[in-house]
Amino acid sequence: MADKAKVLVAGASGFTGALAAQIVHHHPSMELAGVTSRSDVGTRLDRLYPRYRVPLELTELDLDALEDIDAAIVAYPHGASAPTVAALRGLGAIVADLSADFRLRDLPTYERWYGEHGAPELLEDAVYGLVEVHRERLREAKLAAVPGCYPTAGVLALAPLAERGLLADVVIDAKQGTSGYGRSSDDIVHFSAMDENAFAYKAEGHRHRPEIEQELAALGSPAPVTFVPHLLPLDQGELASCFARTSAPLSREEVEALYAERYAEEPFVHLVDRPPGVRDVRDTNECHVYVTVDEHGRVLALSAIDNIWKGASGQAVQCLNLMLGFDEREGLT
Amino acid sequence: MADKAKVLVAGASGFTGALAAQIVHHHPSMELAGVTSRSDVGTRLDRLYPRYRVPLELTELDLDALEDIDAAIVAYPHGASAPTVAALRGLGAIVADLSADFRLRDLPTYERWYGEHGAPELLEDAVYGLVEVHRERLREAKLAAVPGCYPTAGVLALAPLAERGLLADVVIDAKQGTSGYGRSSDDIVHFSAMDENAFAYKAEGHRHRPEIEQELAALGSPAPVTFVPHLLPLDQGELASCFARTSAPLSREEVEALYAERYAEEPFVHLVDRPPGVRDVRDTNECHVYVTVDEHGRVLALSAIDNIWKGASGQAVQCLNLMLGFDEREGLT
Amino acid sequence: MADKAKVLVAGASGFTGALAAQIVHHHPSMELAGVTSRSDVGTRLDRLYPRYRVPLELTELDLDALEDIDAAIVAYPHGASAPTVAALRGLGAIVADLSADFRLRDLPTYERWYGEHGAPELLEDAVYGLVEVHRERLREAKLAAVPGCYPTAGVLALAPLAERGLLADVVIDAKQGTSGYGRSSDDIVHFSAMDENAFAYKAEGHRHRPEIEQELAALGSPAPVTFVPHLLPLDQGELASCFARTSAPLSREEVEALYAERYAEEPFVHLVDRPPGVRDVRDTNECHVYVTVDEHGRVLALSAIDNIWKGASGQAVQCLNLMLGFDEREGLT
Amino acid sequence: MADKAKVLVAGASGFTGALAAQIVHHHPSMELAGVTSRSDVGTRLDRLYPRYRVPLELTELDLDALEDIDAAIVAYPHGASAPTVAALRGLGAIVADLSADFRLRDLPTYERWYGEHGAPELLEDAVYGLVEVHRERLREAKLAAVPGCYPTAGVLALAPLAERGLLADVVIDAKQGTSGYGRSSDDIVHFSAMDENAFAYKAEGHRHRPEIEQELAALGSPAPVTFVPHLLPLDQGELASCFARTSAPLSREEVEALYAERYAEEPFVHLVDRPPGVRDVRDTNECHVYVTVDEHGRVLALSAIDNIWKGASGQAVQCLNLMLGFDEREGLT
């Protein structure tokens, strides 16, 4: 097709960038215009990730020599991302940014968790890329700040309550596979260290917490969120087990009805009738949610996603689909 | 040594029974008097579990022909355990029971979760076998109701607060490997189903919850406990991530001091300065606890045990050591 | 499309049957006419295998009530398969049989390894379903005996040598994940038994060996084959490490050229320039082959497949595609 | 005890060095005199490896300041090891070297595979540390060249045949967990790369092959050995599947008798009656061997070890025990 959108993936040698390249490469309405990397220039992507079958060579990102592109997915670390996003926006490209750089609306909060911001002038234009919550704004957006994996799983699990202002107190115990840790190798994710292991990390404060609190507040429930992430001995997959006190008592039936109504039309969010396993959503852009109420009246909302699909690259393409005027499901099913 | 205690392990073909047999077999003051099984009679235990190196043949439990024993560890399913425990007690044996049959003090609560009780007359004599909490009573006991793995990890994580009456509201998100599921094979623990998977189960109510609530209340904090267990793709190991609202505000330093004081003399409970991994305690009777307070003032207490050691068979031997007058650490280090 | 081929999957509750149902369900030229099971009647297939997303209910196979079908994939155990295949053939259906019942050309050999044969009259019509070797005959066939996973990986690794009569002596050391063990649960594939484990089995004689010897002989090399399979702690994936003495000395370049020529046009067999990993072919119908010669002049041919795709259900659909007149790649890429 | 042997472990921050430190630390006749590291100076060993429970701080190796030691285990990479070993020998210490530096008797062969040798003058004094083969010489030795894990598993599987000059042609297909890859982190052993994966490596020539050929020849069978190692998704454990053509035909009974006689008195080598799994020997110094003959008269000898125990650190201590005049089993059971 002559008029496929030309999409660049910058930072394609990491886990999420490589997957983004794969999804774009097989997307019916997109053409993968290039894959760039800061560490593996000259290597073909299908050498690093044989299973993704993307036969393109990684190049350096040269903004001056960049041929015409319509859009870009940027998979850089936070901090490094902002100036590149700004440059790509300057060239007119629509951008889905996988870093944290444009997720937090409040600059001081960003600076507390991440340091100085590289392009604060773009914060106003950025739309938080959780499609199920910001769909209409994303249709008009030129820059999507694709959420982190934990906020995706957590906010989708709690949005139906948050939107009604029902959340009074929230605990999120999240669990993730090692792909969420990134490709940078170190002792922690060595197979010999991680196999037959599981542990919490950053118990005092993970930087995804303010992102979750921001979004739940924006929806209508400015509740305190306790958030503890865990690393599990698996590759792709994430569970968010959310425990919520509500501002009004709710029966299990009421909660189930609330969720059923909220997610009835969502193409990627599915209510399930038993706690979801991460294998149920592996390699998909789906989020499975189970909700119930325990004997003490606490709402339990358990969600499962693939952290590098719905928690990163799949969601980036879902955002791009909207920003480019395509059906949001294209290339994702 | 002529006067080793003769210890029978009944139900030694299951995961916890087999491990109990191993620990007893290598115990300096115990002699493994026999291993019985209802399913694998005639098989040597080191055929079923080569790594435990117990060269005894599994036999049927024949109470009439039973030679003199001093003690027994019973690793039967709940319900089946009570009458066997009663018979062994009738023969004068000291018993550590790994089932749920004597853990709940309240008969109606037992009946609600497990059905009819097979030996209610023994409930009064049974002492809950969490040594760190009931050490002195266990020295005099003849029947120890060894706790389930989740209550062990959960109560040890929360006891220092519970004893001061400080617990106001508790969420426990627990995670366990497949050895906790038991040896009975089914689809759920098939390697092909469990690998690269993780999920919650019994979200509405797991029968370990009343056990946890009973013990926290006995310690001084009758708080509501929300408890959700998860199954992880690993063999041995358990994490209990406990989130507690306290009845009075506590700083991180105060909480750490409270825990440090409480566990200073405990041989098997260790405070650690980062969230513990299950590999840290694998194949040991230890419980590692990390405690902190988050920005919203909630206490986070994270504990790790080996579910079949400190969560079952190691703890059973720890109980027997006390009941038989040995050092509680014997055979466990 | 009105003229999609109607395909029944019999035995769809096992690992390979379920995957066959998934592939057929999403096949552009096939319609999944039904899924049958002997053990899970009344259950929806997407309940048993959520990730396959096949929303059909499993029914009993009732040959009398069977509506018009064009073809069937039979995923029964050997022995049970033959009479069902015969009945389906009697109804005029084209059949791809995943069992061993029609693979061995020699009835006594079959009887030695599997017992009495349930439909020996069909042996003559059956074509061994290794497409890369029997493509033209399969186009005319009505019954494909889909190879076992080990013969698929082994014969594809060795065919270029076998066809030239070059194989003098063969050792195959094969390794497979637990999906190859089948869904039937037992102690061996319990996660707690298989994790952190690996071992050989049936070292004296696995019934896939005569199948491999039959096919290598048919190609031109009636060499003795030593074959030892191993079980690995992974789900899907198989390696065949083949060590061959050749009847004439061959350099590495000669062997590489031989393989390159032989597989140049094959859509699913790819030569690779480093030993393949099973992840490279996971969830695909591909076979990756690496070939080299060691210092002692022995040819090493290392192949990797997904045992339930190219080693079973993917290959069954590849056969059906040919027998139904479709492009053999349809529904498989 | 006043006269425990003082043993230094140099290179204790790697996988095998850390395990060596643990074994020495708990050894009844040894005292751990120090743990040194080139990369983690100042860190306590139980911080890096909590499960080993060695509460010593890693220091730099300062040969001048070294207090009196009786022996050392050196766990350096090849090349780096030789000069350190030479220096320690110069101080009079008995040394067990875990590197390859003193394993190959032939200097040119060493140089081909490893580069220049740092202390060739010591080659003559070094004894190959496979106790089951060189026990008596080790009693008199001051320097043990502890074998690599693959040669240990391979030679033990084949020694009974090699000693009778019976080996005519050998294929060894070996499989190992990621601890054999070492602690140095890279993409290959990232959990996300290794999980659900398995592959061969160095198919054209692994440097353990000349070591295996040297030892089989020394025993009496200078046979060509084809050797291909594989990496498996597990931590500790190694299988060597050995396929041997013999110079004279042997029945299964004859081979079993030969092995039974050869290994009857060995404390760490056990013949087993089914193919061994790596879990059977995990965390032990044992080698389990299964031997049989297939229909084509080829001998199959399958051995399992823990690659960092019997394949490295356990074996180093077994050597030290002999060199120091202790029972070779001390500290290893």
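Going by the order they are written in, the chains are A, B, C and D; count residues from 1 in each one.
Definition applied: contacts are C-beta pairs under 8 Å (C-beta built on N, C-alpha and C of every residue); 3 or more make two chains touch, one makes a residue touch a chain.
Note that the structure is a prediction, hence the values are computed from the model and not measured.
**Q** Could you tell me the least number of steps, going only between chains that touch, from chain A to chain D?
**A** So the least number of steps between the two chains is 1.
**Q** Using C-alpha centres only, name the chain that sits farthest from chain A.
**A** Farthest chain from chain A, going by C-alpha centroids: D.
**Q** With chain centres taken as the means of their Cα atoms, state the distance from chain A to chain C in Å.
**A** Once rounded, the distance between the two centres reads 38 Å.
**Q** Quick one: report the Å distance separating chain B from chain C, using the average Cα coordinate of each chain.
**A** For chain B versus chain C, the centre distance works out to 46 Å.
**Q** Hey, how far is the Cα centre of chain B from the one of chain D, in Å?
**A** Computed value for the inter-centroid distance: 38 Å.
**Q** At which residue positions does chain D touch at least two other chains?
**A** 177, 195-196, 233-236, 277, 279, 282
**Q** Okay, in this complex, where on chain D does chain A touch?
**A** 15, 177-179, 181, 183, 185-187, 189-192, 194-196, 233-236
**Q** Please output the residues of chain B touching chain D within their complex, sorted ascending.
**A** Touching chain D from chain B are residues 50-51, 195-196, 277, 279-284.
**Q** Which part of chain D faces chain C closely enough to touch in the complex?
**A** Residues in contact with chain C: 171, 173, 175, 177, 193, 195-201, 203-205, 224-226, 228, 230, 232-237, 239, 241, 243, 275-279, 282, 290, 292, 294-296, 298, 300, 302, 304.
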